[in-house]
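Have a look at these structures, which come just after this line.
Two complexes are shown next, each including chain A; its partner changes from chain B in the first to chain C in the second.
This part shows the complex of A and B:
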C-alpha cells in the first residue's frame, strides 16, 4: 500500500511518526512537509514537495491528512482513501475556521482518527469509522514485525492497523468490529474509573457516553450518578447536557413517550417549546421514526438520526435529513437533497463547496447571492480571505 | 396512573398537593396548619413518623388528607429515607405541584392568595419563600447572626415533572425537604413569607430543644454548635411581625 502524508509543517513536529511505522503493508510513504535527507533515510519516508503531489498516481494511495487546510488538495487529488487526523485547534489558528474546515475534512474522510477524546466522541456521534489514537491500557495488545523490527502494540495501535486494513480489504465490510472493540475498551476503562473516583461527575458522564454508543442501557445509571454529582457540587448548568442525553438513551431503549417528556423538561425557549410540540404531534400521529431521529439530533447524535432518516421517503423526513447533513458537514449531500426537494440551494454552503473545489468566482457569486442586498456578503468574503490566508501559512510551513 | 402528561407545564388547572412529615404533633400547631392548608391546597399527603400520641387521628379528621402513612418505627435518624418515602408517597398521587410544609409553618395571607398564580404558569418549576423563625411566641421573629433564614429564600413549592431524575443527598440529618435536582431547573424567588413557629415556644421547651440538638449532634457535624448555643440566649434580638394583607 502507498500512503501520502499531508502534514501541518515539518517531519520534526509530526506527531504520528510511530503510527506511520505501523501502517499495514507499507509499500511507500510520501511526506509533504519539511524533511531532511537523514530523516528520510532513517524513517524510510520519502519527502514530496507540495507542488509535486499531483504527479503521484492517486489510484494507489491513501492520504493521511492532519491539517484541515489541505482540504482543497484532498478533494482534487481523489485518492482511493482519505484518513483525517483531526486535531484540536492550535493556538495560532482561528478556532472557528479550524473547527469548520476540520468538520468538512472529517466528513470527507473514509476514516477519522484523533488523539483528542473530545473529538473522538463528537465524531462517533456524527459518523461511522472513527478511531481514538490514545488509550489508558498499560499492557501490550499484540506484536508486529515491520521489516526485521519487532513492535509491541498498544490497544489503539492494534486497532489503527485493523482500521487501515479494513479500508483496503473490503469496502463493503462493516467497520463495526474494531469500532466496537475500542468503545468497549473505553467503557471498561471509565467504569473502572467510576469505582476509583466515585465522586467525579465527568468520569460517570464519560462512562455513560461509551455505554450509550454501545447501546447498553446501563448508560442511564451512570448518567444519573453523574447528574447527582453535578448537582451536589453545584455545577448546575447541566439540565441540557444530561436530560437530552437521558432522552436519547430512552430512544434507544424504545420508550419514546418518556424520551419526549425528558426533552420537554429542557424546553424553555419559544423554539424549544415548538420543537417539543412537534415531537408530541409526531408521537400522537404514530410517526415514531421522526421522533427517534429528531431526539437523536437534539442530543447531537446525528449519525443515528441519519441512519433512520435515510430510509424514509416523506418530504418531512428529507427536510430533517438535510438539517442533519448540514450539521455533520455532509454538505454536498445536503445540497443535492435541497435541490431535489426545494429546487434551490443554500448559497453559503454552495459557495463553500465551490471554494474548496477551487472555483473561486463561483464561490463569490454564491456568497453574494446568499448575502442579498444588505451587505451581508462581507463576513462570507472575509471568511474566504481568512481561509486563503490560513492555506498560505500552511504552505509556507510545509515548504520553508 | 399515567406518568406521561401533555402539556408538561400547565398554565391553568394545576392540582396542588401539600406534603408533610409529622411526629407527636398533637396539642401543637398541626391542627391549625391543616386547617389553613385545607383552604388553599387540593390534597394533603402525610407520613406520621412513629407518633405515640393521637397525631394520626388528627390528620385523618381533615378531608383533604388523602394519603396518610403511619410508621411503626421512627426514621428520624435516617432522615433522607424519610424524605424519600414522603416524596414517593406524594408523587404517587400524580400531582402537578407539591408544597412541602412542616407541621409548624404558616403561609401569610398574601402567599395563600397568590398560590394559584404562582403555579398556573409555564415559566419556572419551583418557588421559594422567605421563612421567618418566630421566637418565644407568635408576635416576633428572631433576627441575628445565627437566626436569619428569612434573609435567604427557601424552596418549598415545586412542579412535579414525571421522568425527571429526583434525588436526596443520603444524609442522616439536615436533608433538604425537596429533591436537590430542582436546583438545575428555573425557579422564582418570591418575597412572600412563611411563619415558622418551631421556636415559638416557652423557655423550658427551648431548653429541651437545645438539649435534643446537642444530643443528636454533639460535634456539630450537621449544624453549627454556635447556633445550638444561641438557642439559650437570654435576650435574643426580636423583631415584631407585621402581617401584610
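This part shows the complex of A and C:
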C-alpha cells in the first residue's frame, strides 16, 4: 500500500511518526513537505513538495491528512481512501473556522482518527468508522516487524492497523469488529474508574456514553448515578446535559413513550416545547421511526438518526434527513436532497462546496445570493478570505 | 576486604561473564522440556524463534496446538528439522498440555503460552531456584499475566527497549526470589517429580489462570513451595480476542464457580485476593488430574467397597473395563480379622472396629475424592466387567441423579415403579451409583442381617435404573 501524508506543519513537528511506522503493508510513504536526506533514510519516508503531489498516481494511495486546510487538495486529488487525523484547534488558529472545516474533512474521510477523546465521542455520534488514537492500557497487544525492527503494539495501535487494513479489504465487510472492540475497551476502562472514583459524575457519564454507543442497557444505571451526583453537587443545569440523555438510551434499549416523556421534562424553550408536541403527535399517529430518529437528533446522535431516516420515503422524513446531513457536514448529500425536494438549495452551503472544489467565482455568486440585498454577504466573503489565509499559512509551514 | 570475600567477588564476576556470554550450561544434567501452548499464530511466529534463541542448547520444545484451527503445519514449516521442536496437533477432548507433560523425560519442565517473549538468561535464572531451596518445586517469572504480587505491567515500544530492561533487571536482581501463595501466569517452571505426583491441569476450570492457580495449590498440599523470581521478567502479548465482551463470559463464570467450590472460597467479585483459599481448605485432599491420553469425557469415579468378609477371589475378579476409578475399601476388623489386606497400594483402605464406626466410615467415604460419580459395591456380589463403565455412561448421558442396577428379583418385585414416583421404596446400597456433589439420601441397615445396607433416596432426586449388571451368580447365593 502507498500512503501520502498531508500534515499540519513540518516533519519535525509531525506527531504521528510512530503511527506511520506501524502502517500495514507499507509499500511507500510520502510526506508532503521538506525532509533532510537523513530523516528520509531513518524513517523510510520520502519527501514530496506540495506542488508535486498531483504527479502521484492517486489510484494507489491512501491520504493521511491532519489539517482541515488541506481539504481542497484532498477533494481534487481523489485518492482511493482518505484518513482524517482530527485535532483540537491549535492556539494560533481561528476556532470557528478550524472546527467547521475539520467537520467537513471528517465527513469526507473514509476513516476518522483522533487523539482527542472528546472528538472521538463527537465523531462516533456522527458517523461510522471512527478510531481513538489513545488508551489506558500499558500492555502490548500485538507485534509487528518494520524491516528488522520489532515493535510492540498497544491496544489502539492494533486497532489502527486493523482499521487501515479494513479500508482496503472488501468494502462490503463491516468495520464493526474493531469499532466495537474499542468502544468496549473504553467502556471497561470507565466502569473500572467508577469503582475507583465513585463520586465523580464525569466518569459515570463517560461510562454511560460508551455503554450507550454499544447499545448496552447498563448505560441507564451509570447515567442515573452521574445525574444523582450532579444534583448532589448542585450542578442544576444538568437537565439538558444529563437528564435528556436518558431519552436517547430509552430509544435504543427501552420504551419509546418513556423516551418522549423524558425529553418533554427537559423542554424549556418555546422551540423545545414545540418539538415535544411534535414528538407526541408522531407517537400518537404511530410514526415511531420519526420519533426515534428525532430523539436521536435531539441528543446529537445524528449517525443513528440518519440510519433510520435513509430508509424512509416520506417528505417529512427527507426534510429531517436534510437537517441531519447539514449537522454532520454531509453537505453534498444535503444539497442533492434539497434540490430534489424543494428545487432550490442553501446558498451558504452551496458556496462553501464551490469554494472547496476551487470554483471561486461560483462560490462568491452563491454567497451573494444567499446574503440577499442588505450586505449580509460580507461575513461570508470575510470567512472566505480567512480560509484562504489559513491555507497560505499552512503551505508556508509545510515548506519551511 | 578479606581474602575470602575478594575470592567470592572474583568468582561471582567470572560466573557473571560466563552467563552473559551464554557459556554456562543449564543446572540440570538432562536438560529441560518446554511445553508451548499454541493458540495465536501471529505471536507464535515471533516468540517461538526467540524461545529457541534464548533458551540454550539443552532444551526440547514440545509445541502443542490448543485449538483445532491453529495452522500448525504453516508454523512447523518455519523451523528446520534439526531444531529441537516437536509439534503435537490438536486432539479433541484432550487438554493438550497434560498430554505433552505425560511424555516429558527431563527432570524439569516449563509450561508457557506462545504469546510469551523470553530474553537471554531467563531459563538458567529460573532453574537455579529449586537448587537454592530443594522444597521449591514451582517457579515463575514476573509478567503482566501474573495476578497479585507477581504482576508487572510494563510498556515497551520496541523490542530494543524490552531487551534493555530485562538485561538491567537480571543484573540487578540476579539470584533473588521469594515464596508466594499462588501463581497464575503464562510461564511456569516445575519439576517432573511434582507433575507426576499431583497430575496435570484441571481443564474443567475453563480459564487458564484458574487452572494454574488450582495446580499450584495442589502442589502446596504436598508440601511444595512456590517461588516468584525477582530477576526474570517475560513480556506477554495480550489478546484483544476477549472482546466483544459477551464472548466466553458464561464459561468464565462457570470456571470461577468450580474454583470457588473446590477451594471453599466465598464467591463474590472477581478479585485477585480470592484466589488464595483459607489454610484449612488446603487440608482437604484433591483428586489427581491424570496426565496423558485420558479423555476429559471420562469422569472420576469413587468406588466404595464394603464387605463383611474380604475375599481375595472377589478382588481378583474385579477387573473393571473402566479405569478412572479411585477405590476405597471399608473394613471392620471385628468381622474380618485377616492381618493382610491384599489390595493395591494406590487404594485407600479405611479400617475400623465395630459396626457403628464401619457405618460412619461408609457414609463419609464419598467425600474423600471430589469425584463426579460415586458408587457402592459389596463383596457379596460379583459385578460384571463392564459394570462401572455402563453406570458411568448412564449417569453422564442421562438426566438421572442416581442410578440403580436392578436384579431380576427386584424387577419382579416392582422396584421399577419408583420411576413413577413411589418414593417409599428403599434400594440395596450395593446397586446404587450417584452424581458427585449431591446427598443421595439416608443409609441404614437391613433389619434381618446387619451388614446388608439400604439407601432411602431423597425425594428430590431423579432416579434412573438399568438392567441387571451382576455377573449372574452372586458370591453368596
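Going forward, the second predicted complex is superposed on the first by the 398 of 400 C-alpha atoms of A that agree within 3 Å, B and C clash if a C-alpha of one lies under 4 Å from a C-alpha of the other, contacts with A are read in each partner's own complex, and residues count from 1 in each chain.
What we mean here is this: a contact is a pair of C-beta atoms (placed from the backbone, for glycine too) under 8 Å apart; a residue touches a chain by one contact, two chains touch by 3 or more.
Because the structure is a prediction, the values reported are computed rather than measured.
> Specify the outcome, clash or fit, for chain B and chain C once both structures are aligned onto chain A.
fit
> Now for A:234: first (chain B), second (chain C), both, or neither, which partner does it touch?
first
> Can A:149 be said to touch chain B (first), chain C (second), both, or neither?
second
> Using C-alpha centres in the superposed arrangement, which angle lies between chain B and chain C as seen from chain A, in steps of 10 degrees?
Once the structures are overlaid on A, chain A sees chain B and chain C at 80 degrees.
> Of the two partner chains, chain B (first) and chain C (second), which one does A:49 touch, if any: first, second, both, or neither?
After superposing on A, A:49 lies clear of both chain B and chain C.
> State whether A:185 touches chain B only (first), chain C only (second), both chains, or neither.
Second partner only.
> Go through the superposed model and pick first if A:274 touches only chain B, second if only chain C, both, or neither.
Neither partner.
> Which holds for A:197: it touches chain B only (first), chain C only (second), both, or neither?
A:197: touches no partner chain.
> Report for A:341: first if it touches chain B alone, second if chain C alone, otherwise both or neither.
In the superposition, A:341 contacts neither chain B nor chain C.
> Please provide the least distance in Å between a C-alpha atom of chain B and a C-alpha atom of chain C in the combined superposition.
24
> Quick one: in the complex, what on chain A touches chain B?
224, 227-228, 230-232, 234, 236-239, 242-243, 246, 257-258, 261-262, 264-265, 268, 276, 280
> Taking the complex as given, what residues does chain B use to touch chain A?
That would be residues 3-6, 8, 123, 161-165, 167, 169, 180-181, 183-186 of chain B.
> Flag every residue of chain A that touches chain C in the complex, lowest number first.
Per the stated touch rule, the residues are 18, 137-143, 145, 149-152, 154-155, 158-159, 180-181, 184-185, 188.
> Quick check: in the complex, which residue numbers of chain C touch chain A?
Touching chain A: residues 42-43, 46, 144, 153-160, 162, 235-240, 243-245 of chain C.
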